[in-house]
Amino acid sequence: MLYFENDYSEGAHEAVLRRLIDTNMEQLPGYGNDRYCEAAREKIRKACGCPEAEVYFLVGGTQTNAVVISAVLKQYEGVIAASTGHINGHEAGAVEYSGHKILTLPQEAGKITAGALREYLEAFYHDRNCEHMVFPGMVYISHPTEYGTLYSRRELQEISEVCGQYEIPLYLDGARLGYGLAAEASDVSLEDIARYTSVFYIGGTKVGALCGEAVVFTKQAPRHFITEIKQKGALLAKGRLLGVQFDALFTDGLYLKIGKNAIETAETLRRAFLDKGYRIFLESPTNQLFVILENEKMKELKEKVRFCLWEKLDENHTVVRFATSWATKMEDVEQLAALL
Amino acid sequence: MLYFENDYSEGAHEAVLRRLIDTNMEQLPGYGNDRYCEAAREKIRKACGCPEAEVYFLVGGTQTNAVVISAVLKQYEGVIAASTGHINGHEAGAVEYSGHKILTLPQEAGKITAGALREYLEAFYHDRNCEHMVFPGMVYISHPTEYGTLYSRRELQEISEVCGQYEIPLYLDGARLGYGLAAEASDVSLEDIARYTSVFYIGGTKVGALCGEAVVFTKQAPRHFITEIKQKGALLAKGRLLGVQFDALFTDGLYLKIGKNAIETAETLRRAFLDKGYRIFLESPTNQLFVILENEKMKELKEKVRFCLWEKLDENHTVVRFATSWATKMEDVEQLAALL
Amino acid sequence: MLYFENDYSEGAHEAVLRRLIDTNMEQLPGYGNDRYCEAAREKIRKACGCPEAEVYFLVGGTQTNAVVISAVLKQYEGVIAASTGHINGHEAGAVEYSGHKILTLPQEAGKITAGALREYLEAFYHDRNCEHMVFPGMVYISHPTEYGTLYSRRELQEISEVCGQYEIPLYLDGARLGYGLAAEASDVSLEDIARYTSVFYIGGTKVGALCGEAVVFTKQAPRHFITEIKQKGALLAKGRLLGVQFDALFTDGLYLKIGKNAIETAETLRRAFLDKGYRIFLESPTNQLFVILENEKMKELKEKVRFCLWEKLDENHTVVRFATSWATKMEDVEQLAALL
Amino acid sequence: MLYFENDYSEGAHEAVLRRLIDTNMEQLPGYGNDRYCEAAREKIRKACGCPEAEVYFLVGGTQTNAVVISAVLKQYEGVIAASTGHINGHEAGAVEYSGHKILTLPQEAGKITAGALREYLEAFYHDRNCEHMVFPGMVYISHPTEYGTLYSRRELQEISEVCGQYEIPLYLDGARLGYGLAAEASDVSLEDIARYTSVFYIGGTKVGALCGEAVVFTKQAPRHFITEIKQKGALLAKGRLLGVQFDALFTDGLYLKIGKNAIETAETLRRAFLDKGYRIFLESPTNQLFVILENEKMKELKEKVRFCLWEKLDENHTVVRFATSWATKMEDVEQLAALL
């Protein structure tokens, strides 16, 4: 069976695992106060070009989104997101569980636009009843998006400017950030992201770690953020587990390097589909490939390949997703190509 | 520096780590649907003598408490606990964050009694205003308790009977369960716990794992419990991380075995303190030793040993805690003894 | 100044106020246990043709929606509503504050359709990831809607059937129910509503009372619903205030009678607008009239009339709302007509 | 039947009701923006000697406590209260429902002391684990307390000083404030309360109104407090209902005047009990009288008098509460005295 179902089907990258093994019996303080967490924080600050950043480690993506969003928002505020944003559809209502509404904007290939954002905010503050409504208190974007697409630097900057004008923090969900940074088509660097957002996270779970996401507050973390993390059940006793992994991921540029493999295998796969005359549902320059399959072909492929059903296109066609990752082998791509 | 500060200062037990290494590059489904999670579940069911049990893996203790308690309670209910219960004092209000009150009972050496519980419940239902009060919807106990003490089988059974009579589920927090099961003084087995509780968890973080707790619903889990876990940000994409570890911990009785080391080193340390004429603050048969130190001595020890300040006893004395674990070396105990 | 801004600009209907005066010094038990609450409950059950119904009195509409919805939903569930539903846009996130997501369906003149509902539910349960999503646990409709429109009996029945098939309770927000029942164009009676819904509320605040809404659970209220009400701060010590008012409103059919005045004045006003060549934005058979005004005319009218800006239509036109109520005087309508 | 069960068994004071009648058909804006709300605010600011105060009207006591406390606290904070505080025992967990823990201090006759408060705060900030605990973010006191007792000016001042030192707002629950202000034994004025607290509320429901409590932020209200009120379902469409009543209560010192009747009737009743040799359970200078009754006598009295069972004292005695109010008639007191 060939696995293209998602980007978290293996354990950790070899170098990450090696570090866990090497440090395993060291006696270290708990809760993220160990030397590996500190080293990882410092390396991340450097990689972001943001020496003042405050960095925290959490365990998974939904958890990170819920903890960050609820810590930043005031009770009367909600978070603006694309209707296709992960927080809106696939996190079991974690944001709402924290008491906050998601205020959706229409999406274009998974993205929101600065124009639509500005329009929303203008309309909100012009509404004479806005005191009876949920105040917009944060803007959430994902990069790469749920469709594997990317914001350009210009788009990021424009969204950031609208946020700045309304004094609303911009939050970037980087669950797959490594694949966004490695994409050839992208002009957005980690420094750009640190420059244009108030807070973002660097995804580990999908990019080489066993688990773990690094939250970067580019200016200042919310007060007593550790207590907020603890209160949401997100503070690891053995915080080292996250520190050691991110220390490894940010040593010698590993994080950026392992992103490349996902991009290259995805690109090879993309070309294979095109060569065989398949239609691509949506152009995406990262590690997720959305392809339109005839239902017959889909059934046939399913026998030998694991992939992800995305949505029904029409009676005879389905949109499916093939995902690559840091661990995808080019041989597997070639074997899949041979089945097309 | 000698470490007796807590029971989570090392990484994972060697056999656990070994399994993570061996399975690392296997391609597995996410979210706990892999074969290792399934194997671990089956082994745990067997160890509990509870073939019908539903087993789930979560990441840490506070998270587990908050997810289980909030999933079981109805909105108008709270959870009864000893005033010293971990959920009441040291989880940053995680239970209250989920919207539920903790209804405290007085503690004796960290434990509640069946008698006090019955009295509370009788008084509650006799109060003509009970509809304006928080209904008791669960009983929380920890075993070992926060003071390292243990319930006897008889005590467990009695509490369980009161719960049964009022149709209130009994929940046992087993963050350090391995050390409770290994304690010589204890007559409580895993089967007993499965028999007398509705739900409990088997602590991994403090007993040999990098992270992870196994929740056991002895009869039936709440409906859509996976969605509840996801909603609280507690569902790991790479659920294998937990399954593999618990599979290792429940292979060849490892979990019970590694508890022994903590008990033996604690007992040796306890005797060393007594031999040197120190006073024990509270008798506890597990891996936590509460000792009364003169402040002068405390300062002196602090130079060479990490331990935990518990509370001020009087102007000249302080209660401190020394914790052992699966990883504690007898040499370290001897070195500490030599400093007394 | 002529008031057509909303339907809550006066106090209580004379007969309601009279009852408050007459009963004022009677000594009565608190929290809704008085004889007037009981009498009102009985009269409402009778008017609904639903002798088994459980009736509760709450203070206002947003409160009622939040208390009912959060008491009925399980934690992993959300409520389906039209995107224009009051709970979605104008209640400051009260439902989300209770921890639940609103799952929006497209609206047509403020209404949802049975077809769109069925499609949503089918798609949800076909999604292989539905465990990572918010489960649909209730359907919310308003009648009249926020646009003053009404469901037909047939439409209600069809929505009710879809709900029944998926075992999802149907909840009807009747903030302006009196005006819906009095509308000539409507074939929906109070008995129909009781038959097709699991729970609904009969609005008092906008239909003759100082404050108050009567919640009717047609089969069974959630367990300990009084405690839920108390917990949300919605239980009046002097519950009589609500019981007395609803007793008056349901004596001699007053509730239905006073609806008529709103309908007649609205209809007269509607004809006046049409006669003068104004365009109606949306046909609505109840007490809210949505008219398209030229901005110039709007400014001119504003000097003498209070009405409600709804939305900008284009550069030169605005949609505005004129609302009538039980208290609207036909003279005022005529004076307004003269200004057109 | 004689009623001494509580202080909310009648409707509104005559003068309050009169104002509701007189203003009933005036057309007024909603949500507290009418002229009566504004007038009432101004009168309250004057009565408090606090021209900068921000005043809001809410409907009931539990609601007010929940809305104020949750709006002031940050998510990682809880509220300190006496274990007997109304919020801790008799509000169905409304504060916890808002996500916040109540941190209890021991009570003395329903009160907390500045000393115990200081000790708690010192210990908290000395705890090396305080980041894993709920931060104290507000101090709640009730005046009169649940036992009818009162803080002296000196006690208030001292508590206020501790709060100031730790920058924690002091909140005073004045559900029965009118009876506290009218008590002869008290040296605390409305100005004192405004001086020593950050926020308090003036109870209307139990002191002459049909419903309603006036919240006074002595310095500044939380941002967008109206939206918080709306979100909690506590914003009345016909806000006039509260404004008109408080306008009446604060016209010509009515609020203070009607408190006197409760005090005088309670004092007469108290003397009657003492004259007949009954034991008073707890000295309280306001409108609640806690008396120890022999169970036989209690049963006998119950036939003719409604009062409130407080708690069992021993096998043969029960503590019961007799409450007077603005509406209590001296004849009723005399009739009750005759039954003793």
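We just call them A, B, C and D in the order they show up, numbering each chain from 1.
To be clear about the criterion, a residue touches a chain if its C-beta (ideal position, glycine included) is under 8 Å from a C-beta of that chain, and two chains touch if they have at least 3 such contacts.
On a predicted model such as this, the values are computed, not experimentally measured, just so you know.
Averaging Cα atoms per chain gives one point for each, and the point farthest from that of subunit A is the centre of D.
Per-chain Cα centroids separate subunit B from subunit C by 50 Å. The centroid of the Cα atoms in subunit B and the matching centroid in subunit D are 41 Å apart. Between subunit C and subunit D the centroid-to-centroid distance comes to 34 Å (mean Cα coordinates, whole Å). Within subunit A, the positions touching two or more other chains are listed as 75-76, 91-93, 97, 99, 131-133, 227-228, 230-231, 235.
Chain contact topology: the protein chains form a complete graph, every chain touching every other one. By the touch criterion given at the top, residues 75-76, 78, 89-93, 96-102, 128-129, 131-134, 309 of subunit C touch subunit A in their complex. Partner subunit A is touched in their complex by these residues of subunit B: 3, 5-6, 8-12, 17, 20-21, 23-30, 59-67, 91-94, 97, 205-206, 210-211, 227-228, 230-238, 240-241, 327. Within the complex formed with subunit B, the residues of subunit C that make contact are 70-71, 74-76, 99, 131-133, 135, 223-224, 226-228, 230-231, 235.
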